[in-house]
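There are two complexes below, and they share subunit A, which is joined by subunit B in the first and by subunit C in the second.
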Partner chain A sequence: MKTNWKYWIPICFVAFWGLIVISYRYAKPRYKPDNISDLLNDFSWLINWPKWLDFPLMQPINSGFDWLIMEYGLFFEGINYFLLGLYTTMKNSVVALPWPLVVILVIVMTYFVSGKKMSTTILIGFCTFFIGFLSPRYWDKAIMTTCIVFIGIFFCLVIGIPIGIAMARKPKLRKMILPVLDLMQTIPSFCYLIPGILLFGLGAVPAIISIFVYAAPPLIRLTDLGIRLVDKEIVEAADAFGASKKQKLWGVQIPLALPNIMQGVNQSVMMALAMVVIASMVGTRGIGDEVLLGLQQLNVGMATEAGIAIVLLAIIFDRVTQAYGDKIQDKTKPKNIKKV
Partner chain B sequence: MPKIELKNVYKIFGEDPHSVLPLVKKGATKKEILAETDHTVGLDNVSISIEEGETFVCMGLSGSGKSTLIRHINRLIEPTEGVVLVDGVNVLEFNEKELLELRRHEMSMVFQRFGLFPHKTVLENVAYGLEVQGKSIEERNQTAEEQIHAVGLNGFEHQYPSQLSGGMQQRVGLARALATKPGILLMDEAFSALDPLIRNDMQNQLMELQSKLHKTIVFITHDLDESLKLGDHIGILNGGKLIQVGKPEEIIMSPADDYVTAFVKDVNRAKVLRAKTIMLSPDNPTINGKVSGETIKVLENSFIEEFLPQVIEKRTVVEVIDKDGNTSGYITEKELAQSLTKN
Partner chain C sequence: MKIIQKAFTTISLLVTLLVFSSSAYAACGKVKLGDFDWDSANVHTAITQFILEKGYGCKVEVTKGSTSPIMAALYDQQLDIVTEVWRDNLVQQIEDNIAKGNIIELGINTPESGQGFYVDKATSDKYGLKHVNDMKNTKIAALFADPEAPGKGRMTSCISGWTCYTINLVKHKVYGLDKLYTNFDPGSGGALDAAIAGGFKKGKPVFTYYWEPTGLMGKVDLVKLKEPAYEAKCWSEMMAVVEDIKANGPEVYKPTCASAYVDMALTKAASTRFANKPASKPVLDFIRKYSIPTAMVNSSLAFYIDESGGDMEETAINFLSNSNIWENWVPSDVASKVKAAL
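Let's turn to the complex of A and B:
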């Protein structure tokens, strides 16, 4: 659609002046000139930004936030209990297992998920063992971190993939959601960690929420892209045979977009791990707080050790999701072409 | 009643097609419309009717609107204005569900770049139409096996499309289209991506299948030889306008305008024209006295190239006979010379 400037120019003009009037109206009296006509006599306000030209955003956000806590406190408390319960159950059950069993479980899982690839399995087994081997304290903390990442990623998948699919289908919706994704990716993580603490308290829950905000956008984008990149003629073929929207989506579009979606999951997991380390600054327990501890004590060795443990964890996550993606791709595009 | 009928169909691509429609109706060309309004004319007042059981070939160069035309029949593209009738029913009035039923049972499509599902095996690809219909897996596998057999691909059922050559992939495409037993087969430049030898094979296979199945086929191509070979009727499109519709020999013998003339100029006429097209009836006065002694007997439907060598060798009159051996006409050297001369 062509932009209709005939309407938009006056609207923008009015909105701009409206904003200026609002900021003047709400500025503190001592910043304001005694009389508006002073502005025309004394032009010094053109040199330095005048203090009355300050759009009052902080106040309404603060009061809005207070209102949110007052009115919907119970609602957030509910979410908090649910997520915390989920996390604690998951963490406690894994921590209770003997560590050799956990290592073996990880190895077995990797073996099947990667399509029986020996090299990946050996690498993952080694990395898993080495986390505890670095320092016994890291074992339980790595499990905590992993549980938080798992729960965060679960929400990313459940909410992100349907949004991505919807975006691929409706260009208008995509236009609306893309700026939101940009916002989620560019806004500094502490800006939502702090409200997270206020709403959910210190600990694992604000970390899970932050993981969603930070790690869902790449997954949504790659799902959207993957679905749109499916060969047009193939989609047309499905249409021509009378496939309903549902049949087309599950039978053709999602299977063919799966390599891209898996790439999105991989990205999402890596970003979740990065976020969980940052979240240790707001009291989330896990392997990140070892780095923080090392930093506070100026203990270079300790921080490095913890850093290595995080890298090992990252290798595990990355290799497992990549190997799974490769396995799916092998299915859709057979490489071993037999000449006939 | 024609099987498929298009009446005054207009299709304009762009932001606001209806605003451009009056301009197109006034007779502005495709180029002018594009320059003035930034809209592309896909089809400009196209009306055709296709009889049951015939092969209708729609021919034109790229950008002539032929692919747009074929997609109107199963409504992959909606017309800006006009009527599309299939079995006398206006498919444009169909709701979502009726449209799906039409696509599932009445017609199927073969694509230029095959449009096969890379994640499905040959068997699953061929069975796709039946899967969409909701048939049981035994039933669709059985039908799919039969179709794979019909196109000569047995033994490849469990291969993936990427493991097959282009010609074989298009056989899968053809089998997939036939598996739902549709009355109408839409073929969008189905053989254009194949190399010449394979293309020839596929054309022969299609003609062989058609002689058994008698489907209504709408075939799109940019290749005149292909259209002359396959088509019972040919429609020539240029810039979204339908310029001429007729039997292959009508197109060759009396092209409607310069565009068609230029098209048919280099055609090997001996390969296209049939004996019955150029023969004179037995009671024609010019024959008198010429028919004497030995003649060469040929069937009505044989092409000139099939009996031309004999004529040159024996230098006698050709007697055209029908299936039962009755004389239906004669061809002298004069008719041969006339029909083979390029004008």
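Let's turn to the complex of A and C:
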């Protein structure tokens, strides 16, 4: 598909001038010259960026946001209620368990998830124990953080993987979504954390939303990449055997893309954990607020201790997802096929 | 080769000249201002910066941060001047550091300011909430329900690293509010503002710790709850408990007395190293005289939020052009330079 520049250049040109006219029109009178022709007599506006050349984006965003709260307040309230309910039930049920039981459950889960790998299981058990061992205060907070990461990642998986698959199939869609992913990854997190508070209030929900914004892109990218990297010959072979689209996706493409998708999940989890620490600045309870407290009280020891606890949590998440990835890779490996 | 050499000499001469002329211009040198993450401090910093740059020809460097790091940098002589110090919240630190010779105080910045527990006006009128004791009611607590702590109300409190968080914690216990409300740490100043503004936008009851002068205060209608009147003896007794909790955790709480926050004067401070430099004398004289009434700060903040479009420099220019109290702070030649720059 070739871009038709004959049409696009004039359109861009008109749009550009339109923007400039809008900015001039909406600039405050005291910034503007009395007469527009003054601009041609006095060229001082070419030296420092003139204050009238300022695209008015802030006001519309503010009023748009107010409108969103007014009109759809109930809708956001509903999301808030749902996510918060999910989070509190999950958190309260885990916090209520005796801690040795939680450690044992984590060990047992790791053992089976990792395909009975002893080394991983021992490492994870040790890390889990060490979180509470560092400071008893961290135990409940680590559980809160884990619950938030879990819910956030759940939404990343449910929404991210289908988007990744769709992108791999439709190059046009990919072209449209890639800039959005870039935006999601680079826009400073406070840009969506603060509106998150206005919409959902302080606490866990803005954190869950920001985890989705921040952690979904790598998963989407790697799903897309993984599916596109599946050997063309293999897909052709599946076609030749008369596989339907669905069969091709579930029987060939996804299993072969799994290493990449699991890598995406792993990256997502790591980024989610990083976001939880930032989210402590909007009142999200969890291990991040220990780091923040250490910072605010200039308590190096406290900040480092909490930092180590976060690293331990990261090791647990990382090892478990990696081990699980390795296991299902072994499982879905095409059997009885000789490598050419 | 000759030409290159000549060119080189000329360039180095020119550069030397330039360096000399610019350093002669900036007789005042470099001033490092410390700024905080709330808007009243930003206004003072912007006004000071404008006067120092345009009037005294200083090169001003502003460092922004939250209380602890900025104050620590001032004690450590890394910053020169802080124009808004919430002295009464930091009494211990400030007095220690004055005694150690790390900083000197430069007088009052804003004569009075308030902080305390606030409820939005609509809820206050509807349920007659005027005093902290009025909050001691399960039905009232249910209005401010904390979604993460079933059965409790939520008071959005101060940021947990700030002393006021611990003060609020102790006050809650003394007033008997701790059974009914969580002392909820919003994590940062911006988050606290957003929580209040969000509550108003959605028309939800708001129960929060807050302070003035602030820009948000001019935009939302908050009613300050009455507390037992401030009393120095009671306050110092309470602060002893607060400092103990800050050092050893909430378990060391013991029953104490509590009172309202004092209507405190905000002060200014400079690092001793900067203050002892002979070249800083004119700057210090100016900072000593600098003082703006609370109402003026509030109106500047309102201008900042509603009209400046978030431009602090413009807010400073607006203040300097519409008021002349600042002309008393500086010598007349400096004043005329500042006026010329407006």
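What we mean here is this: the second predicted complex is superposed on the first by the 331 of 340 C-alpha atoms of A that agree within 3 Å, B and C clash if a C-alpha of one lies under 4 Å from a C-alpha of the other, contacts with A are read in each partner's own complex, and residues count from 1 in each chain.
Just so it is clear, contacts are C-beta pairs under 8 Å (C-beta built on N, C-alpha and C of every residue); 3 or more make two chains touch, one makes a residue touch a chain.
Bear in mind the structure is a predicted one, so any value in this text is a computation, not a measurement.
Looking at the shared chain after the overlay, A:Phe190 reaches subunit C, while subunit B stays out of its contact range.
Contacts of A:Thr88 after superposition: subunit C is touched, whereas subunit B is not reached. When both complexes are overlaid on chain A, the residue A:Ser280 reaches subunit C alone and has no touch with subunit B. In the superposition on chain A, A:Asp289 makes contact with subunit C only, not with subunit B.
By the touch criterion defined above, A:Leu40 lies against neither subunit B nor subunit C after alignment on the C-alpha atoms of chain A.
Touch counts on subunit A: comparing subunit C and subunit B, the chain ahead is C. Once the two complexes are laid over each other on the shared chain, residue contacts for A:Ile11 go to neither subunit B nor subunit C.
For the contact definition in use here, the subunit B contact set and the subunit C contact set of subunit A share no residue. Interface residues of subunit C facing subunit A in the complex, by the touch rule stated above, are 66-69, 72, 147-148, 150, 156, 159-162, 184-188, 190-191, 194-195, 197-199, 201-202, 246, 309-310. Remark: subunit B residues 15, 74, 76, 99-105, 108-109, 111-119, 128-129, 131-133, 156, 159-160, 162-164, 176, 180, 186 touch subunit A in the complex. Those residues of subunit A whose C-beta lies close enough to touch subunit B in the complex are 1-2, 231, 233-234, 236-244, 247, 251-252, 255-256, 331-334, 337-338, 340.
In the complex of the two chains, the subunit A residues touching subunit C come out as 58-59, 66, 69-70, 73, 77, 80-81, 84, 87-88, 190, 193-194, 197-199, 201-204, 280-285, 289, 292-293, 295-298.
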